[in-house]
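Could you have a look at this structure, given as structure tokens, before my questions?
Letters A, B, C, D, E and F mark the chains in the order given here, with residues in each chain numbered from 1 onward.
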Amino acid sequence: MEVLLEFFSRFVDQLQKPVLAFLLAGMVVSAFNSKLRIPEAIYQFCVFMLLMRIGLKGGMAIRDGNFLDMLLPAIFCVLIGIGIVLLGSVTLARLPGIKKDDALATTGLFGAVSGSALAVSMLTLESEGIFFEGWVPALYPFMDIPALITAIILANIHLAKQKSGSHVKVDIMPIIKDCLRGTALTVLIIGVVLGLVTKPDSVYESFFNPLFRGFLSILMLVSGMEAYSRLRELKGVAHWYITYAFLGPLIHGLIGFGFGYIAHLLVGLSPGGVIMLAIIASSNSDISGPPTVRAGIPSANPSVYHGTSTGLGTVAVIALYVPFFLALGGIVFGF
Amino acid sequence: MEVLLEFFSRFVDQLQKPVLAFLLAGMVVSAFNSKLRIPEAIYQFCVFMLLMRIGLKGGMAIRDGNFLDMLLPAIFCVLIGIGIVLLGSVTLARLPGIKKDDALATTGLFGAVSGSALAVSMLTLESEGIFFEGWVPALYPFMDIPALITAIILANIHLAKQKSGSHVKVDIMPIIKDCLRGTALTVLIIGVVLGLVTKPDSVYESFFNPLFRGFLSILMLVSGMEAYSRLRELKGVAHWYITYAFLGPLIHGLIGFGFGYIAHLLVGLSPGGVIMLAIIASSNSDISGPPTVRAGIPSANPSVYHGTSTGLGTVAVIALYVPFFLALGGIVFGF
Amino acid sequence: MEVLLEFFSRFVDQLQKPVLAFLLAGMVVSAFNSKLRIPEAIYQFCVFMLLMRIGLKGGMAIRDGNFLDMLLPAIFCVLIGIGIVLLGSVTLARLPGIKKDDALATTGLFGAVSGSALAVSMLTLESEGIFFEGWVPALYPFMDIPALITAIILANIHLAKQKSGSHVKVDIMPIIKDCLRGTALTVLIIGVVLGLVTKPDSVYESFFNPLFRGFLSILMLVSGMEAYSRLRELKGVAHWYITYAFLGPLIHGLIGFGFGYIAHLLVGLSPGGVIMLAIIASSNSDISGPPTVRAGIPSANPSVYHGTSTGLGTVAVIALYVPFFLALGGIVFGF
Amino acid sequence: MQLYKTKKVTIITEAVILDNVIKITKELGADGYTVDRVAGKGESGGRFGYDIGGMLSNVRIEIITTEELAKKIATEVEDRYFTNFAGIVYLQNVEVCAKKFCVSG
Amino acid sequence: MQLYKTKKVTIITEAVILDNVIKITKELGADGYTVDRVAGKGESGGRFGYDIGGMLSNVRIEIITTEELAKKIATEVEDRYFTNFAGIVYLQNVEVCAKKFCVSG
Amino acid sequence: MQLYKTKKVTIITEAVILDNVIKITKELGADGYTVDRVAGKGESGGRFGYDIGGMLSNVRIEIITTEELAKKIATEVEDRYFTNFAGIVYLQNVEVCAKKFCVSG
């Protein structure tokens, strides 16, 4: 009850934040068929700026941090990523009228992580003055890659069974490589490494950090426009996906919160870190995951998983679950 | 006399300002056939940044302002926009050797508004410390759309008469929609709405405002390059258009100044607001208007109206009429 | 000995600087076949931002400086540019198994100047608090153009001899024009002129200067990615080019340092200015030079000269010779 | 693999009327197209400018379809637009794998 | 100048599989290609989105080669990819100056 | 609508010589062209780099014109440039609506 009240007040707050407003504006703009297009080069640059900022800050935090403190949360991320997909495979994927490979592709994306949701929650926590360990967002790949791999493996086992009943061997290494070579993780990793081994403070302070908020707004505008386009593709897709898009992030986030709380008790992960972990778990991949899934599960219908993730999931997380987990954290940790 | 002296000193000032210098540099660069090209994505991003900044500031000003104070200036804008086109239709369009649809297309653009001239005058007023109501630049659409619509309607009536003598019904709604859906007005409106209903101060202060001056310089450079290209297309076009490009903005600006002065007396529009209104009226559309006119008056020759507006008008306004109306304001209001 | 120790400590410093790290990251990213691509529009914009900043600062420094102080260094630049190419033509170009036009094209690029190396050394000097005359980097064209022209003339004389034994007349003006019309020099010149005749301080301070460091990082990332691609093209090319890429910049830089020292004695060029001159001389053209050479010496193999310059030379200069000449300057001038 | 002979119609025209042209081809029965942005020069001068609304650049629209429909599209676009707008249209022979492009859509 | 008659095969498909398609054509023996990014619409809907990984845009790959190899490439790409991925492939006649395009590479 | 048979000549070459190629085609009598930027790979390696001066990318120039002029352009470009610069040129049949493309310009 208290959570809901708190959530509601945070939700109204969030609505006032331009970040969510830019997302909604993007949707409206698309719905009204406006000719506005942010140039794709700018969109790609926004993604670069955000992930580089997350990575650099992460790397600098790792440098200043205690390696052992990070180990448990990192392991938890792997578990959560795999867990979300397994959960989806025994729920969503078993529902009537659902193509199993579509469902697995979708859960893969929901197990994976959204760079933009991450950016939004960093900004929100920072502007609320809630401390979190800078390396938490950099745990991104530890949840992202296992989730995508699990989904791709399960889907391929399913398809092999369908064809021959025989067992199948999916080669994991190429998928991991594919993830790491993708734009998003490459940038994040560059950032982490440079943050760790060099002193990027001056370029961070003069460039990546001050421009963060602005580029995030623009990314949100584009995400809104994309969400609307993907939404339209969802027409005719089973309604279960809509349910999943709204319920999944809540459950995944609660799982993340739970694991985060354990890390809080065991290794002293900060309240902000717990909230961040919840949001990472809650979020779904909208940029880097879809192409990996397209290549890894070619038979799955992209309209289904891309639509569910980018069209619904991202909006749900930013509009509802960022404020929700903030509220939950506030209640649990009492701030 | 005093105005001229004052204007001359402001003109020399303006020449020292990098904004005008970037415009001229762009023209020179093109004239020397340089291979320099600002990437189109960057150009489009400059336009986005400028209009979003104008919009956000406008929205925030409207939020803090008195709605009634804005009503009269908004109505005046509509009147000025229509008035400029009507004036052009009984002067320029009746001159010998002038194709009527070309002339109407041209007056439509001169009745409409230039986002970059707007940006230049905001920057100039702000850096001179002359106060103006932040919502005045956001009145842009109130002059822009009526001017374009009037021109398109008059041209279509003319063409219908030519063909059949019969009367014609031009559907206004699609034209309005077309304007609002265009990139420029979409961005401006997003900005105004977000400024009005959210609290975008932090992203405004960290991104849109500090980068304003820089992106405006780059836009000016491109405008200069474009102006030169369009100018070359003007070869062979009736000389009346050259006269119009230099005289029109003066007369239109004076009309704007007059209406602004009335608003000053009636609802207390600030001196800066009056100057701004004059410059809005004086300026001609160089980005968003031309495609609307191309679609709305297909028979008009784009070399004529685009050349007159982008090749001559914009340069005239920024080089001559921004300093002129600043000087005039200084004399009239005594600062 | 002392130089080497000092160099080594500066080299470790440089490794910690994100600038070099971004360059190396770009190479690694390419080696791992990552899909990361900075949009080309952003890359081009980075180049624009850097050169505009160099130009503006140069122009403002010229405005505040003493014209006579600049004359001697400018003449020295011309001499160095021509000298480097002549030196290459009697060394590299005479080695066994070396195609003479390939060698001349290569020395042309090594006589010319790298905008990014220039930017790196400005940043380094500025952040070390070592003063240099702001106009020194703006001497760039005085070394760049003569070097490229000398190389193109020598190559054409060689080719004409090969064909007919008869003498040849190479038209210099079109080559100069081609250089000046190229993107890089156009931007630099615009910057210098605007810095000289207008007051661009506000846009410099709000835009070009603060964003300098960030855009340089991104340019370095791309340069690293490019270096790797060009390197791969070097396979099968005579090993002499590798030697030249590492030894050439050292010798050229020492020549630059020597001339700089003379200017220090004669017209009081600052120690920072001497170091800067050495680095300009040491650096090789990686952006603007190659297309000029491609057009001017069509028979030369671009894999050879582009590979040697962009693949090896740039990396060598930024990693080794920027710290080296800083160290040398420290020893010589005792700071 | 069987190859079917059919037609490709290419329209190069002002970007500002792209939507209209697409609409017409759809109305006439074409169910697919490929489009990219191009620069160019013709009777009405060069188109290389900085563009926001599509006035200064060309688009190239390619449609693979039956000969009949290709001709219809060419005629319709030519008649409706090329008095006032810059543009050219041409047909070419192509051989496709999928039969669907060879039967009236 | 002598002109040699040969074939051009054009593949328009999802950007996400560009590398794979190129690899196949190389394996089959083609030694050159030209590629650009295009937008378009077909059976599987429009592709005009903002793109980072290549899911929402098409590439157009053009290969000039012998008739035999052109057909092989078309068949192979169609068979391997066009069940799961959006795409079309077509052949056209071309006349080239260099003989190398007309002998099996 | 009447269709006229004529030729399209396509030149794919280094962006760095675009202006020169355009100039030649103009001198030979062609009065229009369409150009876009493409990536590609051929004998002289791949062209996918970051580009400022046009060294690392290709342009594709298409000219619709008479058979005679098309051949002249192909020969001239091949002779003048393709010893030192990467590039290919090919001709195709097209059917155009406007007669102007079929009479020597």
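Going forward, a contact is a pair of C-beta atoms (placed from the backbone, for glycine too) under 8 Å apart; a residue touches a chain by one contact, two chains touch by 3 or more.
All figures in this text were calculated on a predicted structure; none of them were measured in a lab.
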**Prompt:** Which is the least count of steps on a path of touching chains running from chain A to chain F?
**Reply:** 2
**Asked** When you check each chain against chain A and chain D, which touch both of them?
**Response** B, E
**Complete:** Relative to chain C, the most remote chain by C-alpha centroid is chain D
**Prompt:** More C-beta contacts across B-D or across D-E?
**Reply:** D-E
**Prompt:** Computing the C-alpha centre of each chain, which chain sits at the greatest distance from chain F?
**Reply:** A
**Message:** Rounded to a whole Å, what is the gap between the Cα centroids of chain A and chain C?
**Reply:** 43
**Fill in**
Cα centre of chain A to Cα centre of chain E, whole Å, reads 35
**chain D-chain F separation of Cα centroids, rounded to whole Å** = 20
**Cα-centroid distance, chain B relative to chain F, in whole angstrom** = 41
**For chain E, residues that touch 2 or more chains besides their own** = 36, 53, 92-93
**Request:** Pull out every residue in chain B that's touching 2 or more other chains.
**Result:** 35, 38-42, 44, 182-183, 211
**Fill in**
Every chain pair meeting the touch definition is listed as A-B, A-C, A-E, B-C, B-D, C-F, D-E, D-F, E-F
**Request:** Using the touch rule from the top, collect the residues of chain F that touch chain D in their complex.
**Result:** 1, 3, 8, 31-36, 64, 92-98, 101
**Prompt:** If you look only at chain E, which of its residues touch chain D in the complex?
**Reply:** 12, 36-43, 58, 60, 71, 74-75, 78, 88-93
**Residue ranges of chain D touching chain B (in the complex, touch as defined)** = 14, 16-17, 45, 48-55, 84-85
**Prompt:** Can you list the chain B residues touching chain C in their complex?
**Reply:** 15-18, 21-22, 25, 29, 32-42, 127, 210-211, 213-215, 217, 221
**Prompt:** Which of the residues in chain A come into contact with chain E in the complex?
**Reply:** 38, 40, 43-44, 47, 182-184, 222, 225-226, 229-230, 233, 287-288, 290-292, 294-295, 298-299, 302-303, 306
